[in-house]
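The next block holds one structure in the form of structure tokens; read it before the comments.
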Amino acid sequence: MLIHVVNPNTTQAMTDKIAAAAKAVANQGAEIFATQPEMGPVSIEGYYDEAFSVPGMLARIAEAEKRGVAGHIIACFDDTGLDAARSLASAPVIGIGEAAFHAASLVAGKFSVITTLGRSIPAIEHNLVRYGLSARCAKVRASEVAVLSLEDPKSDARSKISAEIELAKTHDRAEAIVLGCAGMADLARALSDQHELPVIDGVAAAVGLIEMLYRMNIKTSKRGGYASPLPKVYSGTFAGFAPKK
Amino acid sequence: MLIHVVNPNTTQAMTDKIAAAAKAVANQGAEIFATQPEMGPVSIEGYYDEAFSVPGMLARIAEAEKRGVAGHIIACFDDTGLDAARSLASAPVIGIGEAAFHAASLVAGKFSVITTLGRSIPAIEHNLVRYGLSARCAKVRASEVAVLSLEDPKSDARSKISAEIELAKTHDRAEAIVLGCAGMADLARALSDQHELPVIDGVAAAVGLIEMLYRMNIKTSKRGGYASPLPKVYSGTFAGFAPKK
Amino acid sequence: MLIHVVNPNTTQAMTDKIAAAAKAVANQGAEIFATQPEMGPVSIEGYYDEAFSVPGMLARIAEAEKRGVAGHIIACFDDTGLDAARSLASAPVIGIGEAAFHAASLVAGKFSVITTLGRSIPAIEHNLVRYGLSARCAKVRASEVAVLSLEDPKSDARSKISAEIELAKTHDRAEAIVLGCAGMADLARALSDQHELPVIDGVAAAVGLIEMLYRMNIKTSKRGGYASPLPKVYSGTFAGFAPKK
Amino acid sequence: MLIHVVNPNTTQAMTDKIAAAAKAVANQGAEIFATQPEMGPVSIEGYYDEAFSVPGMLARIAEAEKRGVAGHIIACFDDTGLDAARSLASAPVIGIGEAAFHAASLVAGKFSVITTLGRSIPAIEHNLVRYGLSARCAKVRASEVAVLSLEDPKSDARSKISAEIELAKTHDRAEAIVLGCAGMADLARALSDQHELPVIDGVAAAVGLIEMLYRMNIKTSKRGGYASPLPKVYSGTFAGFAPKK
Amino acid sequence: MLIHVVNPNTTQAMTDKIAAAAKAVANQGAEIFATQPEMGPVSIEGYYDEAFSVPGMLARIAEAEKRGVAGHIIACFDDTGLDAARSLASAPVIGIGEAAFHAASLVAGKFSVITTLGRSIPAIEHNLVRYGLSARCAKVRASEVAVLSLEDPKSDARSKISAEIELAKTHDRAEAIVLGCAGMADLARALSDQHELPVIDGVAAAVGLIEMLYRMNIKTSKRGGYASPLPKVYSGTFAGFAPKK
Amino acid sequence: MLIHVVNPNTTQAMTDKIAAAAKAVANQGAEIFATQPEMGPVSIEGYYDEAFSVPGMLARIAEAEKRGVAGHIIACFDDTGLDAARSLASAPVIGIGEAAFHAASLVAGKFSVITTLGRSIPAIEHNLVRYGLSARCAKVRASEVAVLSLEDPKSDARSKISAEIELAKTHDRAEAIVLGCAGMADLARALSDQHELPVIDGVAAAVGLIEMLYRMNIKTSKRGGYASPLPKVYSGTFAGFAPKK
């Protein structure tokens, strides 16, 4: 059982951290391999960055499909390109944002999300609405820590995130916390111990969900929105990505 | 890793079928054991039956807690007594209804549910609203097959369920199907092959979710609605169930 | 015209207070009688207590049915066991929580609820969502007064509740207040005078609603979710509760 | 205890029928008196008719206030002018549409509404959304019977309404029916017997709700949207309606 | 291309200000003319004032129809009488409230509304719910500036409104501001410059929307709720308003 | 005043048709110019095609920005890349899907959408939910006409679309129709005449909205989700798209 984790940005340190988080929770029978796109942004902080991370990420998913993976994990909390990936792949695809929301819904009435920058809040709120889980989210909060600062051991990232968790407990009556960035995966355990409530990292949740679907023998439905792309001509740079019969 | 599956009704044949469904998907490291209450109804078809299944089910959960389980699965599609069980247990608790809804949301835009009797539809719709996932459910349909008829090999249960799936595909534009009764667990694979879309059994999904939470080291939050019961006096028949310090 | 008020917990002082509140608003032609279960918790503070209050409460409802009552009132703000009671009874059943929400909706655009402990907030929020009235509720607030402290004349319960009402007026723009516990029934009038806005006690509202339904000759629909329980075997302690033809 | 029922249109036969329906359910201690405006349309079938029925209706409410009524009932299913009437009156005001929706919510999971003309459906749907009860309404259906045809004993109004009830039972899974016009008040009992489910007339429900509020000593909140009109100049025809200090 | 702007209150200074705001944004080919009713209140601050502004406003709309206008704009932020006007007119009708909400939705994820008095908040919230746009509105705020104080150059209206905008930016994470009164039309530009985010005046937005519909050759649908009034008798003062064949 | 219309697919015939539709409604002072990407799919039918149309489209938007446009119109009904475009551009950006939904909301209570293939329905429903306008949409229907068949004069596209409009009128009680593909722009007028209700083409609506925003001097808010992209490194093929200070 092979699980593909794709980090949609091009920062190797983050890919490594994500791979470690995934391997830490995977079952013995599961092998994790992590990739990152050749082209695109070094971090994803807003809709524009998202747009340029998707083609390179889909290339990685197409390659991984050939290896017969049990599933793909998109390791960006915005679930960048999730719908396109589901259309492309025959194996199931899970975004770490949705994985975290579903996991939190199973252990708490309401959860709050702590993300990086305020500009990322609307995209997360949109996803919650689309997934149907916005009623379970008390609030999306920003720690105002930039994505790449999470890779800097000297930054005060953890204390800023911790301060928002405290506010979520008292002001939002949050019963659980969702960490809103793949780069926070290594903080979940310590923050959970410190604050005495579930602190959820979407990378770990997504690994569990892929394993669940694999053992249930359930794949993405190809009826409706996730139907395989229709064969057609693609022009220019993207000619090689054109769907074939 | 020990997983407790409790069938909230007192029909042994159904407990056996549920145990088999759970074992079929569990990982090597997981041991499943299934129980049923000593007291209560032989099947759960409506709110009244639910009320009398909960105390006996909670007794089973209390006993299983002592065995140090990784989690509990409530194997009735109404998720009978789920909130009370979460308050009681230290290990996480998953209802097969919610498990199925979450699993379906990961592989399809919209799903339809096929349950047993029409009288069960409102309870399922209530749960979908509470979980926040009603926007993902196209329709809850009844096959008008009684719960215990599912245990009767001569009944036409499968053909009735299959007919509703056909309607769900054409009328509801459902991309996946959720089977709305634990007693249908053995039909999922065949119906999925026949109809060429994901057909989801909540027992299997719940096993996967317990394994996910276990490996993430995440348990039910004790802040808010699922706080441990306060110590107090219980009278009469239920004196032994009184929460203690 | 006979109205049955059942206090789902086993505290006689609370049953007495509830009976007094009901009698104070009943019409001349209406006779009130109040009961409490033989078995179950002394107070209901969370989902676990709820589960053990329902069987004993249903026993009281079954007995009252034989007396030919005009209706039953469940005098716990969580509307404990309401759905099961509606399935069982031929007379209509009203929970004091829903009664209060409906009454408040008739005299105010938005209301806030002041309940006892924070752990009770999620259950009340769930009910508001299920009844469809969550859009009318500005906020559910906790006074952090335990249920049985309301029976203690030396507690500072009233001042804590009053402080939350003040916050509801200024922060929530609440136009009316709903008292979120049957044990607060005796405070409604004084708090309404003090704060100059409607303060609603669900016990009084429920009496009015039962009288309304009685004079309209309207009973619970037996189509759908509230259909009478199907005859079947119940095991063990609950054998005597088994529905019969 | 004096209850004012105002029929917002100028058709005396309808006012008489409404008064009879109200008197049939009122308690012994309650005296009903019914009025209709001097100016405005003979029936209300759409937003334009509504606009011209409100000033004359408010005049009747202002007059009734002087008689010290316990409450006002607006006997048009669109709840025409309800918000303005609540701002004006010191006694509570109930619309028969909202009264029927609340009553139906107490005896059924979901209800369908049968109104007169298709053009009235959007206004009723708007009200359901505003009251927060749209989730409880399965469907608003039109019988395509004009309002004044309900006053014609030779019309086939009842059979058309009955046919829609049949569809509501089978297609909408409606557990109760709300009659969507004051002019249908005399049909509720017979249709309920024929179809074996609750059929609700809003006039009767509104009488019960006014009695409930009266005995609870609860009036419309004057905080927020229903604050008394501010004193100011009104010009021309409406000069006499100007709010005074 | 002739555009009719009707101020539903009788204050000439406000009509003039509204006309100026409309003319400032109209295209060269568009001619604006502004009217106000002969009868009704000098300002609209609540539901009661609304009721008495509508008949006189509909008279102005009927007159303007004869001039062959491209569309009508109702220049009160409550969108007073919008539904009745749409039923009456053959040209499209736009309320400045809805115009502003739609415009804000095109340039911001979420907006906050700053209105005059707190008592106006519920009516605005009702409209947002009915239009379906409440999810786009972060909060409706009151500046506690009375409508006619906006016409007083010595009032501190602007500073109060500005203070609420500041709160909307920090507390609501509002990305745009909607000014919630026609009398604030002249402040939009300066407040936008000061606060560096879009500040939207509904009068200007409504002019643009009428021009859009005119050039698209799209008028109000006469199917459903906005069907032309049915011919019938109107009594008394309103006899002249009776719809004719 | 210069308006940029970008067709996100690479089919010149469709770009020409869209340009003609835009020019037909633009004011005299407005100059329209239409572009299409150099790279990407010949038509957009699902999420995968969307992903590969966005980078090329954003390149066109960046070029148009240099020409000082009043606004950009994304002429694909899925509003492909709308959020990224808004982050990138200083001029406002309107998608033709959202434009059509807003326009329909101004002339009808409820509308139905007629799109091309069934696989496009979920994406349109997602957008309606995100924009907050799903409550205004009765149903999204598919004509099962492929996008490029709309360019084939011999196809039976119009009759298939017309048949769905008929169903929308009778089954959905739709009061207006939204055409769910840019390639249907030339059919709006004839279908509106034939069916006697508003039939809305999003290209025309978007032109009107850009003109409205231009004259109001309102641009996309740069607070929150649409903040300008942060300067950072982009790798490989997309290096040239990296945001700069």
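As written, the chain order gives the labels A, B, C, D, E and F, with residue 1 at the start of each chain.
To be clear about the criterion, contacts are C-beta pairs under 8 Å (C-beta built on N, C-alpha and C of every residue); 3 or more make two chains touch, one makes a residue touch a chain.
All figures in this text were calculated on a predicted structure; none of them were measured in a lab.
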Fewest touching-chain hops separating chain A from chain D: 2
Please flag the chain sitting at the greatest distance from chain B, going by CA centroids. E
Chain D to chain F, mean C-alpha position gap in Å, rounds to 44
Interface hub residues of chain E, defined as touching at least two other chains: 109-110, 118, 121-122, 129, 135, 173, 224-226
Indicate which of the five shapes (line, ring, star, complete, other) describes how the chains touch one another. other
As the complex stands, chain E meets chain C at residues 118, 121-122, 129
Chain C to chain E touching residues, read off their complex: 109-110, 135, 173
Footprint of chain C on chain D - complex, ascending: 25-29, 92, 94, 98, 102-103, 105-110, 131-136, 169, 173-176, 189, 192, 196-198, 200-201, 204-205, 207-209, 211-213, 215-226
Going by the contact rule at the top, pick out the chain C residues touching chain B in the complex. 10, 37-43, 45-52, 54-56, 58, 81, 83-84, 86-88, 118-123, 126, 129-130, 224-227, 229-230, 232-239, 241-243
